[in-house]
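These are the structures, in structure tokens.
Shared between the two complexes below is chain A, which pairs with chain B and chain C, respectively.
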Partner chain A sequence: MKKYWAIFTTQLTNRLAYAGDLAAQSLSIVIFMWIFMQLWRATYRAMGTDEISGLTLRQTLWYLMLAETIILSKPRISRTISEAVKDGSIAYMLNKPYNFLLYHMSVGLGDYLTAMIFNLLSGSIIAWLLVGPPPDPRGWPLVLAAMLLGWLIDFCFTALIGLAAFVTEEVSAFEWIYQKMLFILGGMLIPLDFFPQWLRSIAQALPFAYTIYGPARLFVEPDLARFATLLAGQIIWLGAMGLVVTLMFRRSISWLTINGG
Partner chain B sequence: MKRELIFLFAVWKANLLSAMEYRAAFISQVAGMILNDAMYFLFWVIFFNKFEQVSGWQLPDMFLLFGIVAAGFGLGTSLFGNAMQLSDAVATGKLDYYLALPRPVLLHLLATRTNASGMGDVIYGVMSFFLAGQLTLDAFARFLLGTLFSMTIFISFLVLVQSLAFWMGHSQLLSNQATNAMITFAVYPITLFEGSARFILFTLIPAAFVGAIPAEFVRTFTWGGLAQLVGASVVMLSLAVFVFYRGLRRYESGSAIQIQL
Partner chain C sequence: MPAIHVNQLRKTFTAKQKAAGLRGSLKSLVRPEQQTIEAVKGISFEMESGELLGLIGPNGAGKSTTIKILTGILYPTSGEARVLDLVPWQQRRQLAYQIGTVFGQRPQLWYHLPAIDTFALFGKIYELDDGEARKRIAFLSEAFEIEELLKTPVRKLSLGQRMRCEVAASLLHKPRLLLLDEPSIGLDVVAKQHIRDTIRRMNELEGVGVLLTSHDAGDIEALCKRVIVINHGEIVYQEKVSTLKRRFLTSKLVDVRYAEEINPDFTLDGTEIIKTGRYGVKLRFDSRQTPVESVISRLAEAGSLVDITISDPTLEEVIRKIYEESGT
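Right after this comes the complex of A and B.
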């Protein structure tokens, strides 16, 4: 594990060297949060109520802030892997003394955490200005743990999409569709609490909710029982997806033909 | 003028043939984008299922707005795909190729790339228009006209922000942020925004002219609506051409030898 830790810390250092770029990129969350504020303020006003499906306007906005942070901080791992497959550079990575998937996981985690810091900062400032202080800080360590596990599930999906380049070459369509799954069924654009009950039950059983909705909902209403349920679901999905991506990687490698170079 | 149009159609034909060369990738991008747009729109289906209306907007209004934006954006990126890469072309000296040829530099540059997924956006846009329930021939004619206005204003905006590269060098980050802001604002009901925000959406980031105003024009024909769209298109296009050619005077390159494939 030592070498993967070294890869991770190197990537952290690399990314933090361009802190200005990260700060500029985090401006996106300000725009999104501001638009969400206009939409949800008008909605709560139209409903003439302080609470919709158990969420106040303040909770909804902080929920969306965390959901946006998770989405906007995600590195494009599927693109990196599929490009390596398409241009053949994967051949140079496979003979290095590390596991290809763990290498990308370490690099991706470095990218995710650095972007997350800046998105969280920008997002929190704008959310605080718009709707007031954040939820109970005692829940934050649990949220961070849930975000990391959620990211690992996401990594399995994105690596799987990247590896699909071995079969289909072009993976953009899979990337878009997966992203929209996270947007809708993951609860990034709208909390699952606002879904009709039948759709909410389906969405909550799927892995996308464990990536976005679970951590974001825990953030606005932290409690140990909610965390335990979330953790159990995340571990199950991580185990299943980890197995699938490992098998897919082994299969993909058997298809690879390297002609010198 | 006729000469330039013949040239433009020849370039578009070559682009299409080139995209169709990789038929499976082409079809997957088009179909993937239709699915992507449809899934994104599920947000509004779920939203209006729960809330019925927000700031006077209902689901059919969103179908119309989304149809115009998707078709305008898709048509723009299909026909003038390089608008997204203009700042990169400036910063990396790729304009040399176009400068050496006896054709209008901006037009040639913009039209030499097509985005296959843009055609998926166009198809989805038309489907969304029909789902809005405006099933008359004159409404469809207005939709086509509105799409052309939306595309013109969107592409002109892209040229404007990407031309900043002539003064700032690598400005891809800023261009991306401006483009994201434009698309994001365009797909939300304009009535959500008031005061200075509304002013910005009609001027600095003219998202209202890419979405809400053409959508309103499709819904109900008024001479005022048409005049607004014609005026905004003429102003934005003239400004884009002026700023690009002004910037072109500052263009420098290392005389890189490039081959256009």
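Right after this comes the complex of A and C.
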């Protein structure tokens, strides 16, 4: 495990060399938050209530801040892997004594955390200015753990999409579909609480909600029971998806031929 | 135990083919046509441990495919190969700890970081303990003269400097065998020489075996004791570099200049005149048929000599000749 930790920290250094770049990128969350604010303030006003499906405007905005942070900080694993498959550079990573997937996971985690720090900072500042202080800080460590597990599930999906390049060469269609799943069924655009009950049940049974909705909802209303349920679901999905992506990777390796060279 | 043992190794690729234009695209959607390319056609060779072996041939000859199979990153279609007594594509991870690889066109150093960071990372990846890694980095940076370069972000190094760091990085875990695929590609003459010198020095110092592919004959001439010439996926020649020279470098090129004007119909028995000028002549002869001594003495008799140079053909020409002789 030591080597993956080293890969992770090297990627942290690598990314922090361009801290200015990361800070600039995190400005987009400010714009999104401002748009969400206009949208939801109008909605709450039009409905004449302080609460929609148990969430206040303040909670909704903080929920969206965390959901946006998760989505905007995600590195493009599927792009990285599919490019490596297409140009053959995947092969050159196989003759190093590390596991290819764990390598990308370590690098990806470095990317995710660095981007996350900046997005959280920018997002929190704007959210605070718009709707007031963040939810109970005692929940934050739990949220962080849930975000990490959620990201690991997301890693499995995006790595799987990247590896699909072995079969289909072009993977942007899968990327697009997965992203829309996260946006809608994952609860990035609208908290799942606002969905009709039947759609909400479907969405909560699917893995996408464990990446975004789960951590974001825990953030605005932290409690241990919610965390325990979330954790159990995340571990089950992570186990299942981890197995699928590992099997897919093994299969891919035996198909391996190098394009060019 | 030989370092590398290859027997009847074969690799075929299938590539999708598509006729030109929209019609071709539609046709290939309905019925894709596949073409089989035989990159390596049953080659066999051995390499002793600590040997400096060169694999040369033109682009597309199958050199890189061979080296990729030997590092375990490509599955062969058939045949056997053992590298340090391991089957590369089955025991890739184990093999990785014992070999170093440099692919000239695929940098392994992290582009935005100083090379020292990648060195430290490799130390972890190859599971060296920290003290050992530090000592090794110090040793390599001295041997490759890269102490100063190590602290500069890799993107700011010249290609030659970067390549020196690449080769040094591949030696960090003290591999027993170094596989270099086109290590000198794109380098200028001085940088090439520098790389060759350090590779040779590491071979002498640590006995690391070196298998090198190149399409630059100079690499092989300067570095290797033995050479395998490969073309169209087949071995066309394998011999000591010195034997290769003796056998194919018998053709000599002579350039003479005289003090006076010479006869425009100048001829010399047993030689072929390539070019005749007012004061000099360029000719070629085969030293097996016409002794060097006889050519020189007769040239000297022909007039008062000002200058004479005799040169060997380049290895490129030698390879061309091998191809001609083997009829490929």
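Methods note: the second predicted complex is superposed on the first by the 257 of 261 C-alpha atoms of A that agree within 3 Å, B and C clash if a C-alpha of one lies under 4 Å from a C-alpha of the other, contacts with A are read in each partner's own complex, and residues count from 1 in each chain.
Going forward, contacts are C-beta pairs under 8 Å (C-beta built on N, C-alpha and C of every residue); 3 or more make two chains touch, one makes a residue touch a chain.
Just so it is clear, the model here is predicted, and its values are computed rather than measured.
Enquirer: Give one word, clash or fit, describing how chain B and chain C relate on chain A after superposing.
Expert: Pair status: fit.
Enquirer: For A:21 in the superposed arrangement: first (chain B), second (chain C), both or neither?
Expert: first
Enquirer: Just chain B (first), just chain C (second), both, or neither: which does A:189 touch?
Expert: first
Enquirer: Once the two complexes are aligned on chain A, which partner has more residues of chain A within touching range, chain B or chain C?
Expert: Comparing touch counts on chain A for chain B and chain C gives B.
Enquirer: Please compute the chain B to chain A to chain C angle from C-alpha centroids in the superposed arrangement, rounded to the nearest 10 degrees.
Expert: About 80 degrees, rounded to the nearest 10.
Enquirer: For A:176, decide between first (touching chain B), second (touching chain C), both and neither.
Expert: first
Enquirer: Does chain B (first) or chain C (second) touch A:38, or do both, or does neither?
Expert: first
Enquirer: Just chain B (first), just chain C (second), both, or neither: which does A:94 touch?
Expert: second
Enquirer: Does the superposition put A:13 against chain B (first), chain C (second), both, or neither?
Expert: second
Enquirer: Determine the nearest approach in Å between the Cα atoms of chain B and those of chain C after overlaying the two structures.
Expert: Between chain B and chain C, the minimum C-alpha distance equals 5 Å.
Enquirer: Shared contact residues on chain A for chain B and chain C?
Expert: Common interface on chain A, chain B vs chain C: nothing in common.
Enquirer: Which positions of chain A touch chain B when the two form their complex?
Expert: Residue list for chain A touching chain B: 21, 24-25, 27-28, 31-32, 35, 38-39, 42-43, 46-47, 168-170, 172-174, 176-177, 179-181, 183-184, 189-190, 194-196, 199.
Enquirer: If we count contacts the way the header does, which residues on chain B are in touch with chain A in the complex?
Expert: Checking each residue of chain B against chain A gives 22, 24-25, 28-29, 31-33, 35-36, 39-40, 42-43, 46-47, 49-51, 53-55, 117, 173-174, 177, 180-181, 184-185, 188, 192-193, 197.
Enquirer: Note which residues of chain A are touching chain C in the complex, please.
Expert: Per the stated touch rule, the residues are 2-3, 5-7, 10, 13-14, 17-18, 89, 91-92, 94-98, 254, 256-258, 261.
Enquirer: Show me the residue ranges of chain C that touch chain A in the complex, using the header's touch definition.
Expert: Answer in residue numbers: 13, 64, 68, 71-75, 92-93, 95-97, 99, 101, 103, 105-106, 108, 110, 112-113, 117-118, 120-121, 124-127, 153.
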